[in-house]
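Please find the structures below.
Two complexes follow with subunit A in common, the first pairing it with subunit B and the second with subunit C.
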Partner chain A sequence: MSQPPLHSTFDSIAALAGAVGRGDVDPTVLADDAMRHAQAGNGPGLFADLDAEAGNRETSDAALAGVPIGIEDRLVTRRWRSTGGSRMLAAYQSPFDATAVQDLEQAGCLTVGKLACAEFSMDSASEFALFEATPNPWDAQRQGGSGAAAAVARRLVMGAVGVDTGGSLRAGAALCGVSALRPGQGMVSRLGVIAAASSMDQVTPVARGAGDLAALLDPICHFDPQDATSLEHLNGEANRIGRVRESWQTHRMAQQAQGSRPLKNLRIGILEGDGDGLSAAVADSMEAALQTLESLGAQRVAIALSADGQAATAYHLIAAAEAASNLSRYDGVHFGFRAGRYDDVHDMIGRSRAQGFGQAIIERILLGTRVMSHGHYEALCLPAQRVRRLLAQSLRQALSQSCDLVLRPALPDTAPLLDAQTSLAVRWARDRYLAAASLTGLPALCFPGAPDPDGLPIGMQLIGPDLAEGWLLAVAECFQDVTQWHQREPEQH
Partner chain B sequence: MVISEQDLKNLAQLAGLALAPGQATAARAALNEALSLAQAVQEGVDPAIVPMVQPLAGQLRLREDVARAPASPAERDALMANAPATAQGLFLVPTVLE
Partner chain C sequence: MDWEIVIGLETHVQLSTASKIFSDSSTAYGALPNTQASAGDMALPGTLPVMNRMAVERAIQFGLAVSADLALRSVFDRKHYFYPDLSKNYQISQLDHPIVSGGSLTFFVGETETTVRLTRAHLEEDAGKSLHEHFTGPHGESSSGIDLNRAGTPLLEIVTEPEMRSAAEAVAYARALHGLVVWLGICDGNMQEGSFRCDANVSVRPRGQSTLGTRTEIKNVNSFRFLERAILYEARRQIELIEDGGRVVQETRLYDADRDETRSMRSKEDAHDYRYFPDPDLPALVITPEWIARVRDAMPELPARRRARFQSALGLSAYDAAQLTMQRATADYFEAVVQALPEGQAKPAANWVLGELAAALNREERDIGDSPVNPAQLAALIARIVDATISNKIARDVFAAMWEGEHGADADAIIDARGLRQITDTAAIAALIDEVLAAHAGIVEQYRAGRDKAFNSLVGQVMRAAKGKANPQQVTDLLRERLDG
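== the complex of A and B ==
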């Protein structure tokens, strides 16, 4: 299509929603246009399910009326099948919508379709997943990491919502040059999340910039009595719709009152040793981001964290243990894939699981089974959970005493080639910057920094204390006001 | 801590996975690599530290201990619509007892 999507001509969700609210744009025209462009622009690793007649086409006077978004396939929906990226659930039709999906539709969003993900967001190479790997919007030979992030980068939708367990959506945002905010654990309902690692699965919005993230996060950030892990209060503050928006706006007003140094007195913690193992381009981008924040009034302070070097290993052991438990529900009896040939009921279960799961998931299940088995639980699982405790304590202590927010890279390098063969050691090491927020349950916002010399995106990550979602949004937006990296747009392939 | 073929068979049985030979060979190699990396998690960590199972400990609530009404026929049909095989409102599996 020669014309860009109508919604992409607006700089932000607020600008688009404002135009709809004033009657400048007909939301029905917007919906038809978004559907046409999503169908025309769809490709491998993007929309898993897209049906022009099936999307939420109801128009309303709600705050986000007509804003086109995608739903990652880790969240269940009644309209479309819900697969988690696994052949095990290839035909699964949910009898209900995830709470976050309901919330965004009630807020007026046009849900365009389901977006591809790696199998249970774990098989990053997507070698055995239901969907093909997502090509990077900036270089189709490289990994995009996430259908949600790639669809936002390609302007097929204004935003997306999905599930970040060990950093899949933050990594996807970093690779594709967009933003993602993983909220604190317990702040967004997980009802309707296709579970992988329950203590770390977290509903996460993806969008171009921080302002758009605020628009998508606020309606979904509230207590849900139907989710046993949803918090009603945290540190005396009610978990309610409006909390994130009010906090974000309060911080923005405070910044504006500081004039040319809006981040005056903000202490940005930098971890000793974070620079080790970074590519030169990521190290340069990190330093440039710090200098930009300093030019806005922030100051950098060095911090150290206990057990941070073991965080990725601890994450992988805990995630495998939880996945082995969660995925035991797939038995070929109640729902999901059933093998075609078998001898008896035990053989049916074993073959259904071995044929329905991809090899990467099978290996996770076996590792998790080993981690949880007698004798190895004490040697592997408990030490991993002790690392988690040490890291959580030291990160919270640093955020209460030494600094206000922590800045880290999201990934140590730019997007790998789609066919890159990497060892497990390299894959685990790539998760070292993402694991801390997953293990500790603290909020983390990933946003684009300066790209590498070839234009490939590089992502930064701000981690904050409990309830800091609005603060993170305000600081990232202040950064984005002067850098505009989030408005870069890849050429359409 | 090397995983033998027998170790892998035991693990696969525990995990309910009937692996084909190629799957088992690849999984054994991957598992050995993972367990080699996993040793690092024990280094320098005081065993007196209380393990942290999840970040919301102490803040989670318990559901009220009340019985729920059984699913209506319509709810049951919706819940069973994804089952691979059903008969008369029941999940169908191969014969367990002759």
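== the complex of A and C ==
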């Protein structure tokens, strides 16, 4: 298709929505165009379920009318199969929509289709199980990490919403050169999230830049009585639609009032030791990002955190334990995949699980079962929980006393090759920068920094205190005003 | 050797909420399979549990009723085991931080008052049921199936200390607990439908030994009678085993009512490692003192309190008061009878409710709520005894007629229709006495010869002549006057 998608000719969701609102663009035309481009541009590891007739085509005069978005397959939908990336759910049809999906459709978004993810978003580096692994839009030999991030990078959709548990969407955004905002724990309803690790599963929007993230996060960020862990209030502030948008706009206005130094007085915390183990390109990109922030008025301060060194290990132990528990419902009895041959009902359960789960998930389940089992719980799970508590305490303390926001890279290097053989230990170590937000429940925004010399994207990550979603958006947007890395577009193949 | 039986009970009480503990589907019993299973009950991907506050209120009520400690913060844990009727393959329960701790229950075993201490009571969800009969698969073939209608029904598991010493005591405890939860209105008490299920932990030890013997857990006991028989069987089995030189193995055993025996279900060796851990989908359950106060204010008068009132205000014996307060419906019925009678007639009212009425109800296995004789009607009958219109003996006949619905169970109508009014006219009784003395000169002679029994015989003859309707006291007085005067 020679013409780019119509929606991609707009710089931002706000620009597109504005054009629709003024009547310059017909949302029906926009929808048809988006559906056609999604079909034509689809490839391995992108849309998992896409049917030109299945998208929600109702147009409305809502704020995001006509904005095409994709839904990562970790969220259940009535319109398409809901698989979680697992053979266990290859043909599963949900009787209800995830709350976040409902919210975005109500806000006017055109939901185009379901986007591929690794099985329950775990271990995207090894295999995707049900789907093919997503190739990187910038180098098809390399990992893209997430169908949602890759589809946004390819401009097949203007944004996507998915689930970040241990950082899969933040990592995907970093690998593909787009942005993702993992909101604070309890801010977005988990109803409809295909659970992996419940205490860390977090509905997360992915888009090109911060302004687009604000547009997609605001409608889904509210209290939901159907999710017992959803927060009604946090530190006296109501968790309601409009909170993120208002906070973002207030911070933007404050920045503008400071003239040429919009980030004046902003203290950016840099963790001691974060530079160790970074590739030269990521270290350079990190330094460049800091200098950009400093040029905007921010200052860097060094901070230290307790227990951050054990964060990745603690994350993986807790995630494995919770996943082993959550995934025990996939047994071939009530719904989902069932083995073809078996002796009795217990054999049926065993065989269905052995055949329905991919290898990486089976390893997680075995690990998680061991972590929770008698005698190991005290030795493994409780210390991991202790690390989690310590880290949460010290990160919140640093954010209230030493600095305003923390800047870290998302990953220690650029996208590995798709067929890279790496040990579990190496893969876990790659999560060291992502684990903190997952464990502490603090909001974290991942955005593209300067790419490596070959043009491969590199992602930076800003972590903020509780309720800082709007603040993170404003700072990232300020950065993006002067860098424009988020508008870089890979060559279409 | 003299053996002592040690029993602890774990009772699963289904809480009578309209909807399930973590979903909004109905808990009503008896619907077609899986018509009351929501997406959450089926553990469909993306579903989440939401705590039903009505289940919490029922747990609070129970805790208050047994004077237990209520945890202001309690925690839900996941208990993992694979079983086809457990849709998530874990059960949401409470392990280390239950909502209710301690407390006790006081009740009568025969005529002896006993108190059993409770260890804890915690909230959890029920599982579904496996169907093996009358079930067909998608192609009409006979098959096993799962019914998830019961899945997620709220349960309160109430655990006692191991301090009961006989099957009779265990049954008395279970009956008292059953009475209490029905009294509170937190459980419908229907044992056939599984609303009230007891598991018994049983061990034996030589009397005088302080350490506990190895226990077995008996499951699947769905009536008080079976509970008693299962404990008796199991204790005898353990004693015989030890006396034959064997050892009791810690295990779970199933009671088979048809064969009246317990059978091994699983031993400790293949016991599950339930891998408990706090449920990340549910925050800690927080109860405020204000909530507890609101629940307390809305609670009915508790059986212990009512019992005390029946003793102090109505002058009943401890035993009668305890019997009358086993069930709230009985206590309510009794109070209604007392209300309808003149003051000071509580004792005959208690006698009638616990005696003739209870016997008639038992005979027909009816609940007191279905009694064909209502409290006002029973009071009307008792009033006729009190005012000497009829004797106690006649009253039993009248009651039988009321039970059958004669004259709309109206005591006065039956008395009149049958001409049962007591003869209290002195002249009429004197005339009857004259007839009897004339006809039984021999007995009169025996009396005069000093045989006291002869007097009773004469009273009997007069009563017979009066067809039972003469006032026995008047007959006695007048007869003595005639013979001794």
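We adopt the following convention: the second predicted complex is superposed on the first by the 489 of 493 C-alpha atoms of A that agree within 3 Å, B and C clash if a C-alpha of one lies under 4 Å from a C-alpha of the other, contacts with A are read in each partner's own complex, and residues count from 1 in each chain.
Quick note on the criterion: contacts are C-beta pairs under 8 Å (C-beta built on N, C-alpha and C of every residue); 3 or more make two chains touch, one makes a residue touch a chain.
Remember, predicted model here, so these are calculated numbers, not experimental data.
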Should subunit B and subunit C be called a clash or a fit once both complexes are overlaid on subunit A?
clash
Once chain A of both complexes is superposed, is A:377 in touch with subunit B (first), subunit C (second), both, or neither?
second
Determine, under the contact definition given at the top, whether A:294 touches first (subunit B), second (subunit C), both, or neither.
neither
Name the chain, either subunit B or subunit C, that contacts more residues of subunit A.
B
Given the touch rule stated above, what does A:190 touch, subunit B (first), subunit C (second), both, or neither?
second
For A:234, select first, second, both or neither according to whether it touches subunit B, subunit C, the two together, or no partner.
first
Of the two partner chains, subunit B (first) and subunit C (second), which one does A:307 touch, if any: first, second, both, or neither?
first
Partner chain(s) touched by A:76 [first = subunit B, second = subunit C, both, neither]
second
Output check: A:489 vs subunit B and subunit C. Expected answer is one of first, second, both, neither. What do you get?
neither
Answer with first, second, both or neither: which of subunit B and subunit C does A:388 touch in the superposed model?
first
Please work out whether A:440 is in contact with subunit B alone, subunit C alone, both, or neither, and reply first, second, both or neither.
first
Of the stretches 9-17, 45-53 or 63-71 listed for subunit B, the one clashing with subunit C is residues 63-71
Overlap the subunit B and subunit C contact sets on subunit A and report the shared residues.
92, 95, 198-199, 228-229, 328, 331, 333-335, 345, 349, 369, 373, 381
If we count contacts the way the header does, which residues on subunit B are in touch with subunit A in the complex?
3, 8, 11-12, 14-20, 23, 26-27, 30-31, 33-35, 37-38, 40-43, 45-47, 49-56, 59-61, 63, 78-79, 81-85, 91, 93-96
So in the complex, which bits of subunit A are touching subunit C?
75-76, 82, 84, 89, 92, 94-96, 98, 190-195, 197-199, 225-229, 321-322, 325, 328-329, 331, 333-335, 345-346, 349, 369, 372-374, 377, 381
Residue numbers of subunit A touching subunit B in their complex, please.
91-93, 95, 185-186, 198-199, 228-229, 231-232, 234, 307, 310, 313-314, 316-317, 320, 324, 328, 331-338, 342, 344-345, 347-351, 353-354, 357, 359, 362-363, 365-367, 369-371, 373, 379-390, 392, 423-425, 428, 439-442
The answer for subunit C against subunit A in the complex is residues 39, 42-51, 78, 80, 82, 84, 87-90, 144, 146, 148, 273, 275-277, 280-283
